[in-house]
Amino acid sequence: MEPILKARGLSKRYGKVTALDNCDFDLMPGEILAVIGDNGAGKSSLIKALSGAITPDSGEIFLDGQQVSFNSPIAARLAGVETVYQTLAMSPALSIADNMFMGRELRKPGIMGSLFRQLDRPAMERIAREKLSELGLMTIQNINQAVETLSGGQRQGVAVARAAAFGSKVIILDEPTAALGVKESRRVLDLIQDVRARGIPIILISHNMPHVFEVADRIHVHRLGKRLCVIDPKDYTMSDAVAFMTGAKAAPGLALA
Amino acid sequence: MEPILKARGLSKRYGKVTALDNCDFDLMPGEILAVIGDNGAGKSSLIKALSGAITPDSGEIFLDGQQVSFNSPIAARLAGVETVYQTLAMSPALSIADNMFMGRELRKPGIMGSLFRQLDRPAMERIAREKLSELGLMTIQNINQAVETLSGGQRQGVAVARAAAFGSKVIILDEPTAALGVKESRRVLDLIQDVRARGIPIILISHNMPHVFEVADRIHVHRLGKRLCVIDPKDYTMSDAVAFMTGAKAAPGLALA
Amino acid sequence: QEVSACLITKTDTNPFFVKMREGAEAKAAELGVSLKSFAGKVDGDHETQVAAIETCIADGAKGILITASDTSAIVKSVQQARDAGLLVIALDTPLTPGDAADATFATDNFIAGELIGKWAAGTLGAEAANAKIAMLDLAVSQPTVDVLRDQGFLQGFGIELGDPNKWGDETDPRIVGHDVTAGNEEGGRKAMENLLAKDPMINVVYTINEPSAAGAYEALKSIGREKDVLIVSVDGGCPGVTNVKDGVIGATSQQYPLDMAALGVEAIKTWADNGSKPSPTEGKDFFDTGVKLVTDAPVDGVESIDTTKGAELCWG
Amino acid sequence: MSSDSDLDAASVARTETVATFDHEPTGLLSRLQHALHSSPSLVPLIVLVLSVAIFGALLGGKFFSTFALTLILQQVAIVGIVGAAQSLVILTAGIDLSVGAIMVLSSVVMGQFTFRYGLPPVASIAIGLALGTLVGFINGWLIARIKLPPFIVTLGVWQIALAANFLYSGNETIRAQEIETNAPLLQFFGQTINIGGAVFTYGVIFFVLLVLLLAYVLRHTAWGRHVYAVGDDPDAAELSGVNTRKVLISVYMLSGLICAFAGWALIGRIGSVSPTSGQSANIESITAVVIGGISLFGGRGSILGMLFGALIVGVFSLGLRLLGADAQWTYLLIGALIIAAVAVDQWIRKVSV
Amino acid sequence: MSSDSDLDAASVARTETVATFDHEPTGLLSRLQHALHSSPSLVPLIVLVLSVAIFGALLGGKFFSTFALTLILQQVAIVGIVGAAQSLVILTAGIDLSVGAIMVLSSVVMGQFTFRYGLPPVASIAIGLALGTLVGFINGWLIARIKLPPFIVTLGVWQIALAANFLYSGNETIRAQEIETNAPLLQFFGQTINIGGAVFTYGVIFFVLLVLLLAYVLRHTAWGRHVYAVGDDPDAAELSGVNTRKVLISVYMLSGLICAFAGWALIGRIGSVSPTSGQSANIESITAVVIGGISLFGGRGSILGMLFGALIVGVFSLGLRLLGADAQWTYLLIGALIIAAVAVDQWIRKVSV
């Protein structure tokens, strides 16, 4: 089977720091691929390169077998790759609904929408509220609240809801549950599995090994800016995975790659 | 025994949102108190009020039995209360060492320090490196790197190291392991226990129940802006705690309070 | 060896100084003098003028023609230039003290104001005692020309002056008010509107220059009072003279910047050739290039020329 | 804070809160504070009404005359049009120091192309408008593509455009009488209509319509929301799918175009074409924007606030003048007013801190 | 990015990297880019050297004379002193539009107190310096305590101080001769010393020493680090224990004091005390700061860069004047220079993006 998203030889340097060092990557159709690695291993840099948020110094990216070069997150989104960044990427002063529909606003039907280009606020608010309810973010008191007034976890919930609502080819989640409560984390994991059931593959970056081992089909272990190995969670224990990623144990041959 | 840090009737409103609703709080000497609660329950608001970062609309705070009213984080720090905020509170363009010693810089000995007020950079850099090594943040390549060039987890490590190095009466940690890797989280938990061993009590906000149940002496369950109950982790299971904080199960009478 | 000279004006955005520069350039080309021009950024920008003087010294110029934005502020730098062996000639306004420069070719701005003041008083006749006067000045910083013209006008009109070194301290009830125009149309219109709101029956308008007069006229026109108000001004630029002809402005005092500049360049050339300095007009401590009142409605006792003559002599 | 125009007040009220544990604040002052807080452009409106009332009480009929009141509108129209351009730019967390220069350069081009080259006025006006848009495009391109700070880019372009204006025009004024006879279209915005005794120039009407149109666009179209998002946090906007570059370039182009319109309106106001006009348009437009409550850090505020801000300055200038304050005192008091207006605004915003 | 003065280059080199997986970048251009990146004030220095070389080549001895070169220093000294004040403020992410007004108001007070009230010059100077500090304190208080935006506060204070200056001075100039005979101390900074043929005024020496002192303070004291932290992220600085208010107020007070010194130096430079001086000091000081590579968003840049920035403007102004360029062409070129300088700076910073 051909990977739906594939990268070869990605490199990215920041001044003296090498964030990506000739890194390869493969995401198979319909799978949940977890990416794990030490802090600073270059996981966020990898998914930024895949989603067009940074331009790698060298290397190639293929979507559905076609070589692509996303020069902006918009390009990636138009191609169906939706990302929740670690920094969440929301406009603090704008409302939750505005943020969820940023860049793909709905217009009113009829002349108000086509000629006067008026936004369909009621529709956007309704959909936004639905999506948040799916994630169980009921503690949000007002859909027109500015995002800056939300708690850290509430913000993360909104970002995840946005990606899940709009991703069509690939969804990338960079530590989606880091700031979430137990219940909310649970919902996000359920949501991830729902999305997979819809046939959309997911890249999940997380430091939470139980979560990773619960949902991932395969685990990409990242170390010192490159892919160390890819393992099947059924073949290894959590401690093995941690040992590989910290270098305490030698990695298995590039199994499953 | 008298609580070392005590609060009575704290309230804080943001426009229409009530973040703290007549909330009480007690921290006993030498204990690790975990604060758990849903996203948006008001945990961050509570510790911000305790550490002087926000001024509550009403309510009283007592440190060592003395009523205090911290009007700034500096006042709290001078009184020995050290905090790692969820937002980390670091100056992105400044170096790691500069950030660790922000507000309590070391001066050169002798006339260069007293008259010319020159900073003792070598000493500050040495200490900063030591503290980071204690936490095992060896992936940091350069102590003079600007904080903005660190990965999310590295930043969090620096913030925790800072608090642990300087806290003398109370240390408050708001989700200190949220962005940390498995290994780094482990170190932070060890560090928390080291600090307690030094006799300094700790307030730990976390969504990670295994972590909470591993280190906490008592657990403060926060719900809808106030303390719902305080439980002993030995008496209840993780699922009980989650059930209390989400309201799925009625809370026990204010046991242990 | 080639003779080089500098011209330093207050600004290079005011048409008056632009024409002065053109006059100097024409004369310099004729005499084979190489001329460099400098200007301040705004009226009152002494630092740039000082820097310009220093540049001329560094450049090895033989002489400097300068219209000082403050007659006393830059005397020290002028002295520095003279010490370095340059001939310094003040144009348009004398320095304070007058002998700070080697020579001065100037209009007497006070007299320029006085002429239009007398003309306005003469035109009104007995009504002058009940006049309602709007004073449209240049800037709140009150540069020297601004004060001289304003005070000259009031004196000529027969109003008792307060401190002659500043405007705005007169108590005569005939003055409705002072406002500032920045010397352009926009400012002229706004200042006029403000004063009209204060007293819509204004019938005499003094303006610092012709562009502000044109702006004031627009304000009057918008309420249909342009015919019953006397506007007087100073400068004598060609658009200004045309405006006198068209009845926009009643009378204006015409100056001769081209003459000043040409005379200045000649003086520097002469001095470079044989070391002789120009001498001042009889009875004054400067060489007066003269000022003439331009109007098509002459008044007895005030000497004037008509707009045809004025158009011949106008400077731009 | 989610609201950015007083149109918001309505939509906020419309939505049901999902879960809530509210107590209404008590005390009249804090109630007022909350009301004001929910619609930011209400503040300058109240300041405006108050200042009109105060000057009216002090000055009586002199101030409350149709003449004086419509005069204020005429006096602020130019600054207000430029302020609309400035508002757009400041909402993106930028600043446009070149507004005045673009305005005067465009008006000079409109005049000179008509009189120097004999083009029909309508063509000259089109060229002037195109030039303003072009200069705006250059600003936008340097800011969005080369990623230079707006302050610097527009500082540089300001100096360049102003110098070009003087060099090109040769400091020559085109007289009102000449324009009136040969190209009255240039003075179009100076024409007046009489609505129930009050006299409005087309310039004033254009100004008010422009602000209303922009308020609609900013509030109710995707482009408008993107302007706010870019001003709020450009990285986040980019990552969440806004084409920040396109938004920025379009904002600066629109700003340039509006300034060129201001240049046209300027000819209507002063009658003539004069290259020395418009030198204080920068500071005055920024003052209007700021008194109107738009944040200089971008992303917050409403363009209607700018309208009120411009009017407040107009009311104070004329009111003080009528009270007999001399020019220097007026200057001083406007300085104090700026600080006071923002201090009040700050007090209101405190609610959310 | 951690570095903020070229003193950094050394300290960076000193520390061992803990763990590293580096490859040195190849290619001459990118090597250069890296070198420049590690010490930001190198860029304006290189631009300065290049522009001196170019004008030297074009003008020869006229430009390369001790007279011309020391002249540049004299011509930039005032703007440079004000620029030092401006740098401090801009490092805190503020802006001070009142610098020029404080400067001229202080110089007027020094002059008038001596001549109008007959105080000994040293007392008048002390009062002038105290006044500058006081105005700075008012700025700082409004910004730090009432939390008003610096742009607005200093815009308002600028107008107030300038109007007060005109009102108080009665537009009266105190002549150089009078000062020279009765209060030569006022002209102190105009005195010259001759060092190996080159003539320096005390004003120039003060300027250079001031910049060096501030560079030391910013780099090597806790207060200096706090200035950067406040400019970088005020909330973070506050939470991590910096008394942001105190830092801000002290920065604005120091800025006011330095501007008052600039006012004293101004008397030395033009000889007289004139209330109309200094009207372009705002824009010029900001230009120097920006060409010197200090970020307008605060927290980044070095005050030494401002020194070079001021000199670059000085070299261009004098060079273009000596080449006989029309003043408007000079403005046009300085406008282009501002944009070009920042574009180069941006290219260098790209390394870290």
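For clarity, chains are labelled A, B, C, D and E in written order, and residue numbers in each chain start from 1.
What we mean here is this: a residue touches a chain if its C-beta (ideal position, glycine included) is under 8 Å from a C-beta of that chain, and two chains touch if they have at least 3 such contacts.
According to UniProt, the chain labels map to these proteins: A, B = Sugar ABC transporter ATP-binding protein; D, E = ABC transporter permease.
Please read these numbers as outputs of a predicted model, since none were measured by experiment.
Trainee: Please indicate which chain is farthest from chain A, where distance is taken between mean Cα coordinates of the chains.
Mentor: When every chain centre is compared against chain A, the largest gap points to C.
Trainee: Measuring between mean CA coordinates, which chain is farthest from chain D (ABC transporter permease)?
Mentor: B
Trainee: Return the distance between the CA-based centres of chain A and chain D (ABC transporter permease), expressed in whole Å.
Mentor: 41
Trainee: Taking each chain's centre as its mean C-alpha position, how far apart are chain C and chain D (ABC transporter permease) in Å?
Mentor: From the centre of chain C to the centre of chain D (ABC transporter permease) is 35 Å.
Trainee: Please report how many Å separate the Cα centroid of chain B from that of chain D (ABC transporter permease), as a whole number.
Mentor: Distance between chain centres: 47 Å.
Trainee: Give me the residue numbers in chain D (ABC transporter permease) that touch at least two other chains, ranges are fine.
Mentor: Residues 17, 20, 166, 328, 331, 352 of chain D (ABC transporter permease) each touch two or more of the other chains.
Trainee: Send over the residues of chain B in touch with two or more other chains.
Mentor: Within chain B, the residues that touch at least two other chains are 14-16, 87, 139-142, 145, 149.
Trainee: Where in chain C do residues touch two or more of the other chains?
Mentor: Where chain C meets two or more other chains at a single residue, that happens at 12, 140.
Trainee: Which positions of chain C touch chain E (ABC transporter permease) when the two form their complex?
Mentor: Contact set of chain C toward chain E (ABC transporter permease): 12, 36-39, 41-48, 50-52, 54-55, 57-60, 69-77, 79, 96, 140-143, 147, 163, 165-166.
Trainee: Touching chain E (ABC transporter permease) in the complex: which residues of chain D (ABC transporter permease)?
Mentor: Residues in contact with chain E (ABC transporter permease): 142, 146-149, 151-153, 155-160, 162-164, 166-167, 283, 286-287, 290, 295-297, 328-329, 331-332, 334-339, 342-343, 346.
Trainee: Which residues of chain D (ABC transporter permease) touch chain C once you look at their complex with the stated criterion?
Mentor: 62, 67-68, 71, 74-75, 78, 166, 170-173, 175-177, 190, 192, 266, 269-272, 274-280, 317-318, 321-322, 324, 326-328, 331
Trainee: Show me the residue ranges of chain C that touch chain D (ABC transporter permease) in the complex, using the header's touch definition.
Mentor: Per the stated touch rule, the residues are 12-15, 18, 140, 168, 177-180, 182-186, 188-190, 193-195, 197-198, 200, 211, 214-215, 217-218, 221-223, 239, 242-243, 246, 248, 316.
Trainee: For the complex, which residues does chain B have touching chain A?
Mentor: Chain B reaches chain A through residues 14-17, 37-41, 44, 86-87, 137, 139-142, 145, 149-154, 157, 175, 178-185, 207-209, 242, 245-246.
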